[in-house]
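If you scroll down you'll find the structure; I have some questions about it.
For reference, chains read A, B, C, D, E and F in written order, and residue numbers begin at 1 within each chain.
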């Protein structure tokens, strides 16, 4: 049973967690959470164009290895020591019943206080929305008292959807902004581990800056909003339960 | 300038605040908030059928007086000492530019940490959705540095939409549940002040009980959800800004 | 107090009721309903291009008179003897509080079993959606016991939205199809009263035929759908209350 | 070929039909319908927490047997004599092409006048929305003249979505309320057969009472709504075809 | 590598492309495009009622052959010489990973400037929406540099959703109308190849005429809209990239 | 009657057009369009915080003058020589029937090939969505043959919604990206005219860069997307009419 608070990131491809929630990972690690990152695939076929384009060619195994390295380095940069690779294949990502149960095993082991995954709709990348569907399904199975009776069942962790590329096309609407100013350097370091996607470094720095603006606006605006410089946005699937509004 | 934390309820008719957020009012009063209740009208024409049906007839002024009494008693039962009646008329509720500015004056005076009003759509009761449109518009005006320059401008308070009748028809979706178990007796007492709408007492007791179930589910369910007996649900308009997910 | 069953059509412009629900009008007249048609304007400015284009010019009064004639003839063709012209002006259609109360008077006088009006959204023609907003607001006022106390208040009639032009752009989705085969000749006769909009005769004949296809599909399709040749579609605003599914 | 009118309930787990449409079942049985209940699984893994928690442990088969007993007893309490268990497993519910064809066989055998199943979206319970997707797919197959040629093909029965738990989270919006006052005692008796989920008895009694209020409102409200005490709500997927609005 | 501009139609059943985008096919062939039509199935089980009903019976193979003939004739009438039959079966249409890769092969071979498929939702016909889901998934795979490395990867072609039957029930909203007046005779000829579905000839002629009206309205209306007589409507999935608004 | 192609921007406050569509303005001016910018208000009360905060105070007239200067300078930087100030007031922006007719006069004078305005929903700033509602209403009036008969009526120009702040909160979804690389320097120069809102310069530079990325993705991505460095996004209200997909 975990002693610390915990969180679980379910990332369709090896690099998704970096662009989309590296700040949340680093920040919660700093707060004492144990954050586990589950990479369902390496993005080896669909998100490794630079590697495939290199002169002399490459192989699937080499690409997977390179992507694994990048992801592990990025996790390290975030002080996240639990990164798990399911190696389920990508473009398309498909799963068997057994694969589902392995993910359930991880969910139950982690007992996350909250989960993070992709937007529910993505017409550019069906692996992404599939990962979220899978996250919901496995969350449900992990709550079942009749699944591996005797194991500790899962509670009701929030599922946050992290920011997709081209948010408006995905129907993604953030309802919470997280101030990641204090861990921005770590996120930037993790981003720079993604050697194969250098064209996205600047893009996601812009995103973080502009989400910082949204944080300031929504925390008070011209009349005293907090001076966050970098932020990340998330969409919640389930309602919150609180003692104070 | 208020010293305590504050909240502002904008209620289209005198009784709306009772059914929909009396728990939130009582709970936040207990926590030291100063909660102000703004009743835009008394609901004198459209929500006082019992009074109009009484033998011997009645007058608009009598109805308004009776409704005012009920609302004041309900507020007292919730320990809310700030209740303001705008007397703008109902069925339909209509406002002038001056009326807007009076509401802005109140918003600036209260400087609410959060606001509460109706659902954004209500095909049964256009006064309700109009009140929310008005709340958003006046929130905007209250933020304007050029409106009554020198006054303290408003920050960026959340606007929570409280629970309408027939939620699904209104397109209302709660994203936060508030545990009101500790103040349920006060809410029930406030409800019982509504002598003219006794047919709703049991209805809203059922609602509070069932929202308690939703609180339990979303706080952990079968695996340790908190034993809330009564709850209220709210829909947020603006994203939250947080330091931890 | 009406003895027959009754219905009320609220038409933004004089001709709208013809294209959109003439079949429903004629059919319910045949069934013994008294159907009242309320034309909020004549469509004199915005829907009378042919009249304005005629050589030698025309005047607003002449256009209104011509449009009134067409609408009255169309109503006659449908055996609808109650047609009321509010003459509120069009493009844009705007109303005062008094105008609202006049429409409420009519609603209460008719005591409709159901009402008919436009789609809730129309980016081409804001008069149309305004008419529906108005219909909902006046329905609410007509239900208020404190509005003209002593008058019979309104029950809870359904509000059907009739078919707009370019349905998909309006977000209109029919949930009920009405077989108008038996009164098609009357609808076509009413359509032919619209001398100024001959370009729409064939269009709305096509619509009626194709809605007939939808009627057949949804009443059984290849396995015994009813052989309706002409139909009209409507979207309901409120839930139905039934004794059998 | 059935002589009576018929209906078919497609329930993801053994108990779903009780909470969600037991009133509709009992009422239509009273009206002479033959109602068939298809339980795709027993809910043995995911909805039987109480059984799994009992001291001394249990087995999957014992749980299934207990759940089957409860469901059969509930059906009896509703005078529904046709209950079919597909035993497809739950959490997650998954089907083969053969399973689909078995459900198609049942649909064709029953030739339902209408069908009942779950909401189209359920982020808490993906089995539920899966059952509805399956119901739509099998309805389509049952209409195919080339599927088992010679068999009587299906017409175009309505598919009603019964009330999910936490309706607003599911995007479920009822468009029809059914008065179940006359059969409430049977529904309550069926509910009490669910020994393993006693915490829901009171919850769904509250739901039925409050839906009764909605029935009253939508059938006339303060001006003569019918005095229904208990009701159930349903969302229709397909448009209706009618002869009168 | 294709020299001409190209387009790819993905049709769930053999006849879908005729009703829904035959005009687009013929028009783009005239403009020098090579249009490829991919029929995922023949619609042999679910859309060939007339063949199955014929006296003396028939077989699946005979139905497939007849449907293939009709589709080939229709393609010829449109001057489309590339028609491919995947023969994946219908009602339900289901695919393996290999089937996906075969469709990817075709997409890469065609290198379409744009693609055409069904609406994203269809509660009457789940094969239709499945085809579009598949089209999106295979478009993504075709873009993957790691899928069959060395092949030319796909760019970012638009995916247009062609017009479904009962558009409003499918949530389909056209954002582009194509003038097909000049090729209407070819479309009508293609339609008349569909001997088994003669009941739809008139229906889709009506559709083309009424879409012509929409074309005229949106190209200028009473003030100079172009005199299109026949048109087809399409909904775009992805944003356009332009040099001029 | 204009000889060149024309466009009309309807901007709620004086600066809105700069952040949101300065690129489109400059680009179309370069292409020979005459672009007219209509500022409904100066944003004097609500969007001039810096001016109101300055030591020694200021007056409404001074603020309006300063804002007018900034807007005129920005227009000049874009080579847009037609900028019109309606001075209708802001926070809230409200209009009379006469104000509508003045905007109609401008629309008819410009005879725009396309129009640009705000998103349809903005819970932060109701002036914005009001401006779009007004734009639609006045577009309709301008099309009416009976409005100032004899004047040239309006055709059917597209209405593009330019990018709001916090796009996802506004329900805004771009369906077209415009490459503004060639005029970026002008847009940046116009942005730097906004002395009172320096905190937004960097923000909207980020936006333009990231929209450039979206342009590249949607014009071909890794397989040959065009190397746009800066772009603007727009959402269309009306369907397009085309001769080629």
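Note that in this section a contact is a pair of C-beta atoms (placed from the backbone, for glycine too) under 8 Å apart; a residue touches a chain by one contact, two chains touch by 3 or more.
Chains and their UniProt names: A, B, C, D, E, F = PIG-L domain-containing protein.
Since the model is a prediction, treat every value here as computed from it, not as a measurement.
Colleague: Which other chains touch chain B while also touching chain E?
Modeller: A, C, D, F
Colleague: When you check each chain against chain A and chain E, which touch both of them?
Modeller: The common neighbours are D, F.
Colleague: Among all chains, whose Cα centre is located farthest from the one for chain D?
Modeller: F
Colleague: Just going by residue numbers, which of E-F, B-D or D-E has an interface where over half the contact pairs are the same as at A-E?
Modeller: That interface is repeated by D-E.
Colleague: What is the chain whose Cα centre is as far as it gets from that of chain A?
Modeller: Chain centre farthest from chain A's centre: C.
Colleague: With contacts defined as at the top, give the pair, C-D or C-F, that has more of them.
Modeller: C-D
Colleague: Could you put a whole-Å number on the gap between the CA centroids of chain B and chain F?
Modeller: Between these chains, centre-to-centre, one finds 37 Å.
Colleague: Can you list the residues of chain E that touch 2 or more other chains?
Modeller: In chain E, residues 49, 124, 143, 145, 169, 174, 214, 217, 222, 233, 238-239 touch at least two other chains, as defined above.
Colleague: Just spell out which pairs of chains touch, all of them.
Modeller: Listed by label, chains in contact pair as A-B, A-D, A-E, A-F, B-C, B-D, B-F, C-D, C-E, C-F, D-E, E-F.
Colleague: Show me the residue ranges of chain B that touch chain F in the complex, using the header's touch definition.
Modeller: Within the complex, chain B touches chain F at residues 97, 100, 133, 136-137, 140-141, 143-147, 149, 159, 237-239.
Colleague: Tell me, which parts of chain E touch chain D in their complex?
Modeller: Touch residues, chain E against chain D: 44-46, 48-49, 52-53, 57-58, 60, 63, 90-92, 94, 123-127, 169.
Colleague: Once bound in the complex, which stretches of chain B touch chain A?
Modeller: 7, 24, 27-28, 31, 114, 143, 145, 152-156, 158, 160, 174-179, 214-215, 217-226, 228, 231, 233-234, 236, 238-245
Colleague: Which positions of chain D touch chain B when the two form their complex?
Modeller: For this pair, the touching residues of chain D are 49, 124, 165-169, 171-174, 199, 202-203, 206-207, 209-210, 213-214, 217, 222, 233.
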